[in-house]
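Letters A, B, C, D, E, F and G name the chains as they come in the text, with residue numbers starting at 1 for each one.
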């Protein structure tokens, strides 16, 4: 089916887009799309299935957006991709979950795991994810709204997408998993409800459209609803009906789309209120259209009739809810009939307006494919057995997973089903005569748009975007101090929590070294300088005070046996002071910018953090320390490394690599300073 | 003495962080330096301190004969000090450059690169 | 010129021995080579002074300096520890006989090193030295003290 | 004997440093503080270092001590001169009881020239306060 | 009282107290020059403390640090003086 | 800064300090010191000189841009660290001459390494300070 | 097994950098050296990778000091893979830079610094010593500081202020963590620490230290709520620099997290949950940020954040499968993100702006480039079978195994937001009709470049695209590789044995 319709579309496109500069590109996308669809259908591995599923989404994105310089076209492509892409992710989740629960990615093997899957705690999750995936792809309520937008694509594409393939991928998915996951109350009820709502909702919607493509899009959604609905019914009759209806729908909808394309191509309009009488200029097209409309209407002896019969039979035999469901099906079919007439009959009937007199028949490659498709609708209707074995049976078998042999008949005799069909036909035709579509009416329906899923989704999108703004604006607010406080607040909280969980400080005073007066004074001076640095009103005084801190540290290093450190600290400290002094005098005034409240908050946070570090330090001090490394160094420094200053031996030998990296850091810093100060880009070099 | 050093370390960390939270670029740098000093002192203290016994082998000996200070933390601190010197120099110059370009010490005025539209 | 260069070189080598604390020929040689290199490195076109034949005067000067240092220190100490200040501070201009940079620098440093006086600056034409004194009871005496004490002895040695 | 020398020298040295410390707090203006501290401290440190040289009684250490002293004698007065001069030129005032200021007006902040002209202010002219 | 004790109980404390006193001037200011002067003195006193400490711990090695201190302590003073003059010029 | 006193003093301090820095460098393996502190002292010597005499004067003394010391020092450190690789030993393996050399003591790759550090530190410090001074 | 040559990638970069420093003023010589040396370094990395792949973990004890005492370098599959990816990205960026970076910047050390940065990255991946890791991190950040500010334009400086501050903060936290770790365990060798830390009785303390490492590395990897520096700065320097940043810098943080939290600190329940929450919010924050932006490079910056979340998610789930996913994602992301930033550079040269509202018409005017770019863009989205897709499967599987449904939800949300953003980008930049932008005098347009420069800009993009395609289409190779890495990580005893077990005789 995919390849069949696909080939016809190829021919059709040839003429339709003749002269379009990117024809080859279009064919590229189209082939990719076809290949993906084929892959999707043919794959037994659900992961592969997912891959192809995504590929159909992405290629349809490119197809819908093909007229990429038209903003509407881009917008539709985005919308379609958003919805189907979202669905794709749900499918991914579903597929992996299935694989995880079922232990395999093969559908064949999953079939044998069916009971296990259904009993699993994750069953509801699986079907939920799967449903979302299928509903988005197959444009089920409330995810249907991307499909009318996809009309923006060049016609053959819409055709292909809408009628035959991509949207059916969702149906295919549901059908394919019915034997694996179906048959439970959750499965069936959800599908019935969603399917029913979709088919009725979309069918009613199609009544008010004026654009031929719009009409067809909504009727397609409705048809998809029917299919979901049928799969949801789950009885053998329903599944048979589904199988047949897929084909029925594919045939007439493809025809109608192609015809719409021709009309659009030749007349430049798709508005049904404007179009009329075109049969006079393009008879073969009119014939095809009329045939398709009849098949759509389910008039005997068309194939559509076979399909509709099966649907009614399925609903009628469905237990307690039979009447409600049949009613829904009837309403849907009436509307669809109306829509079919509007699109397939109206443009060709009546008088030919003056503006269309010069319209002529396009190249045969354009009108022959629809004619063939429409003709098939008639042929299959009269001789259903033609496809019974070859097409319907395998589909059906895979759906129900047993060996029931099916028989399709055009004529079942006079029965309730026939009566309902007649009722549908009559009401539909009546409706067509009474209800004249107009802009007025369309506008009235806009009032309900506020509640439509599309609007709601858009609103949700706006809400989401506002949320994004709020979130991003809150965290990424541009103020460095806020970033720092967030990070430190986070760290402090975690540290406090973890310390609180596991803290038990005890200090063995015997192990501590004594405090002498000179040390105490150094500590006092250092503490005072720290505080002085923080609160000093002058930058230079702060720098000088920083120097004092450094010198005090130097003394502490000295007292506690680190002469190398003391030397280095002292030299570095002096250099830092020099650096500051050299840089600072052409810096701006040193001000306190923040409010008192902020300062108090920061003060509390920093004191808290400092206390945490101090507590942590105390805790570590009470732990025993493994001294093996330092013992090894002490023993081998002279004997093996020929040095007596163990610190230096570590620096140039034991851990010499640190040092080489360290001097590299210095070199980079120097280059950085050099370029930062010396490099002045000319305005012509600034990018 | 350890207790006093613990207090100093806590103070250095607290002061460093408090300075980092200021809006002045110069204070920010000062804060980073204080923080670096705190970390160095922390390594020093947690390597356990020993008084008056530098890790230098006596000229007559081939290895230590008595207690000595752990040389490892000292080597680490030395490396850390030098590295922070490099980083600090760069940061100081960056501040200078930032001031030259924006003509302010107020970090709050350096927030255009985070805006959505630019 | 060559001689003074050589002397500086020698002096630096000796300092090298002093700070390394190893008295050996090799060490001296090493120090010599090193300081030769350094002198070459740092040589500018300034005029070198010959100072080696004034050793005795140098020694006398050192003791004079130490004496001044201690005496003045005690004087100042008294003022510092007692609550009242007896000082009469001021900045005085001292005309210079010292001519070369080295002479002026040494003089200024010596003045600074003795308590109660501090060389603030030298005029651009090197004619006068501005000195801050703690006890400028009499300006003329203050100037004379410096000129007859430090400057004269110093110049004796240097010239 | 060594002990006595060490104790005497270190005590004297310490006293001079203490003196400098008190001086730096007590002296009424910057120039006086510089004046008092530079030398007192240099002398004090010198004495203490010599004490150390006596204590260790090792030529290499003595040499090192001498080196430190030489360094200090070389740098301390220069530092004092630098900061004193810079302070004066940036307008640090002298103590109000100062007697005389012959430097006043000699420095040209625009050209950074320091003059030596002999239009010396008369002795009893009030110093700048 | 041994030399050791004398240094430990008398000299070091007195030196430390001197440091504390000098530090008071550092905190008081009032001008940058005053702080620079006291910083310089602080470092000089530090040399003394180091010298005494090296006697006290019998570690002549520490005298090397005193040497470095003596050499470059003065650089800080020079830098601040440099700053004061430069700032003057830029005004 | 135009002060004769400082200028003159700095002319004498420069060789003295460099001498001292070499001393510190060479003794690092046995006593406190080493390439890092040595390098810092040497650069401080030049910084003092530049403060007193102006950058141009100091530059003429050094005769080339101090930045060149950085790759040279790095190369020395790298070579002395990587030399063992040539004989199939791990990086940074100490290689030593058998006999001590006068003054310096044992000469090994560690000393070359430390010399590299010394040069890099001088190059870095001077590049930073000189660049700042130039662009003030 | 001991092999002294495993540090060659590091040494060679250092050698290159030093060599370049000697040719400071000779920009064209620098270009030549860069091209030759970057190709060589890829060769070395390939050699290292194949050595490790064939012989198992290789170690090098610097100075021949036996394991916990000297600095150990370890090349396991993970680190050698990272080295390989680094040199590949580095090569692409270096070559791209020879064409795209202006001479003014090249005269101020761009190439040496770039090589220093690569050296730092190699070192960080290869070292087996925690303090040495710190030192490598410092090289990385200082080199990145210099690169991000080189040129010193206002935006660069503003971004750099934040970048510098937060990276220095991270370093301080990292150093604090090392201090405490050494204070507890007395060792710095990571393999040794693994055992030492496990023996510490005071688990509360160990947990606290783990937090410090988490936050320290977390800042570097740009996890929520520590990522703020990234969107503030990554778009400010020239694109070649953004490319190396976007591709590699955050990844080294992720690498460190993966290492530390599989080798030394095995996450307890709290930490796992914390990681998962952080991962989820990282994904969310990155995604939300990305959909708002209009500057291409800012979009990519936020996407970096978003996708870091995926990797952290793998760590948070902490199963072999999930970590496999994280590793796969890491491998994919390095190549793709580097390429995307290079692409942004190309687009800038083509059109003179990166504002997607102003851009347009690339598809029409440069169809071949568009196709080239599309591959990277849609790889990032994870359109199967392109590279971004495979990692997610394992992450989600891992999530199911551990019952982390919410996290899976976030992963899907993140994927969706990425999809949406990239589709929008595509639609705006490539599809939209192009408006005539005023010629900027300060932009050297692609068409104005000499052919050599045009080629050196296109070739790296093509090269990286081919690798991307390889990762996606030959995913089984990468899966096998990631599986081995993840196995290595989850069974650290192999690593520990390789480091501590084969002790060499000291000289």
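The criterion applied here is as follows: a contact is a pair of C-beta atoms (placed from the backbone, for glycine too) under 8 Å apart; a residue touches a chain by one contact, two chains touch by 3 or more.
All values reported here derive from a predicted model rather than from experimental measurement.
Would you pick out the chains that touch subunit B and also touch subunit G?
The shared contacts of subunit B and subunit G, listed by label, come to A, F.
Which is the least count of steps on a path of touching chains running from subunit F to subunit G?
The distance in steps between these two chains is 1.
Just how far, in Å, is the C-alpha centre of subunit F from the one of subunit D?
The mean C-alpha positions of subunit D and subunit F differ by 32 Å.
For subunit C versus subunit E, what separation do you get between their C-alpha means, in angstrom?
Distance between chain centres: 23 Å.
Taking the mean of the C-alpha atoms as each chain's centre, how many Å separate subunit A from subunit B?
Whole-Å distance between the two chain centres: 47.
List the centre-to-centre spacing of subunit E and subunit F in whole Å, with centres computed as mean CA coordinates.
Chain centroid spacing, subunit E to subunit F, equals 26 Å.
For subunit D, what residues touch not just one other chain but two or more?
Residues 22, 34, 42, 58, 61, 64, 67, 71, 74-76, 78, 81-82, 85, 112.
Name the residues of subunit B that each touch 2 or more other chains.
Residues 16, 20, 28, 38, 42, 45-48, 51-52, 54, 56, 59, 72, 78-79, 82-83, 86-87, 89-90, 93-95, 97, 107, 110-114, 116 of subunit B each touch two or more of the other chains.
Note the residues in subunit E that touch 2 or more other chains, in rising order.
As it turns out, subunit E has residues touching two or more other chains at 15, 17, 19, 36, 53, 61, 64-65, 67-68, 71-73, 75, 78-82, 85-87.
Throw together a list of every chain pair that touches.
After working through each pair, the chains in contact turn out to be A-B, A-E, A-F, A-G, B-E, B-F, B-G, C-D, C-F, D-E, D-F, E-F, F-G.
In the complex formed with subunit B, which residues of subunit E make contact?
Touch list, subunit E to subunit B: 53, 56-57, 59, 61.
Which residues, counting only subunit E, touch subunit D once they are in their complex?
2-3, 6-7, 10-11, 14-15, 17-19, 21-22, 24-25, 28, 31, 33-34, 36-38, 40-41, 44-45, 47-48, 51-52, 54-55, 60, 63-64, 66-67, 70-71, 73-74, 77-78, 80-82, 84-85, 87-89
Going by the contact rule at the top, pick out the subunit B residues touching subunit E in the complex.
Those residues of subunit B that touch subunit E are 51-52, 54, 56.
Subunit E touches which residues of subunit A in the complex?
Residue list for subunit A touching subunit E: 516-518, 521-522, 524-525, 528, 532, 538, 540-541, 544-545, 547-548, 551, 554-555, 558-559, 563, 566-567, 570-571, 574, 577-578, 581-582, 584-586.
Taking the touch rule as given, give the residues of subunit A at its contact with subunit B in the complex, in rising order.
For this pair, the touching residues of subunit A are 469, 472, 476-481, 484-485, 488, 507, 512-515, 519-520, 523, 526-527, 530-531, 533-534, 539, 542-543, 546, 549-550, 553, 556-557, 559-565, 568-569, 572, 575-576, 579-580, 583-584, 586-594, 602-603, 605-607, 609-611, 613-614, 617-618, 620-621, 625, 627, 629-630, 633-635, 637-639, 644-647, 650-651, 654-655, 658-659, 662-663, 665-666, 668-670, 672-673, 676-677.
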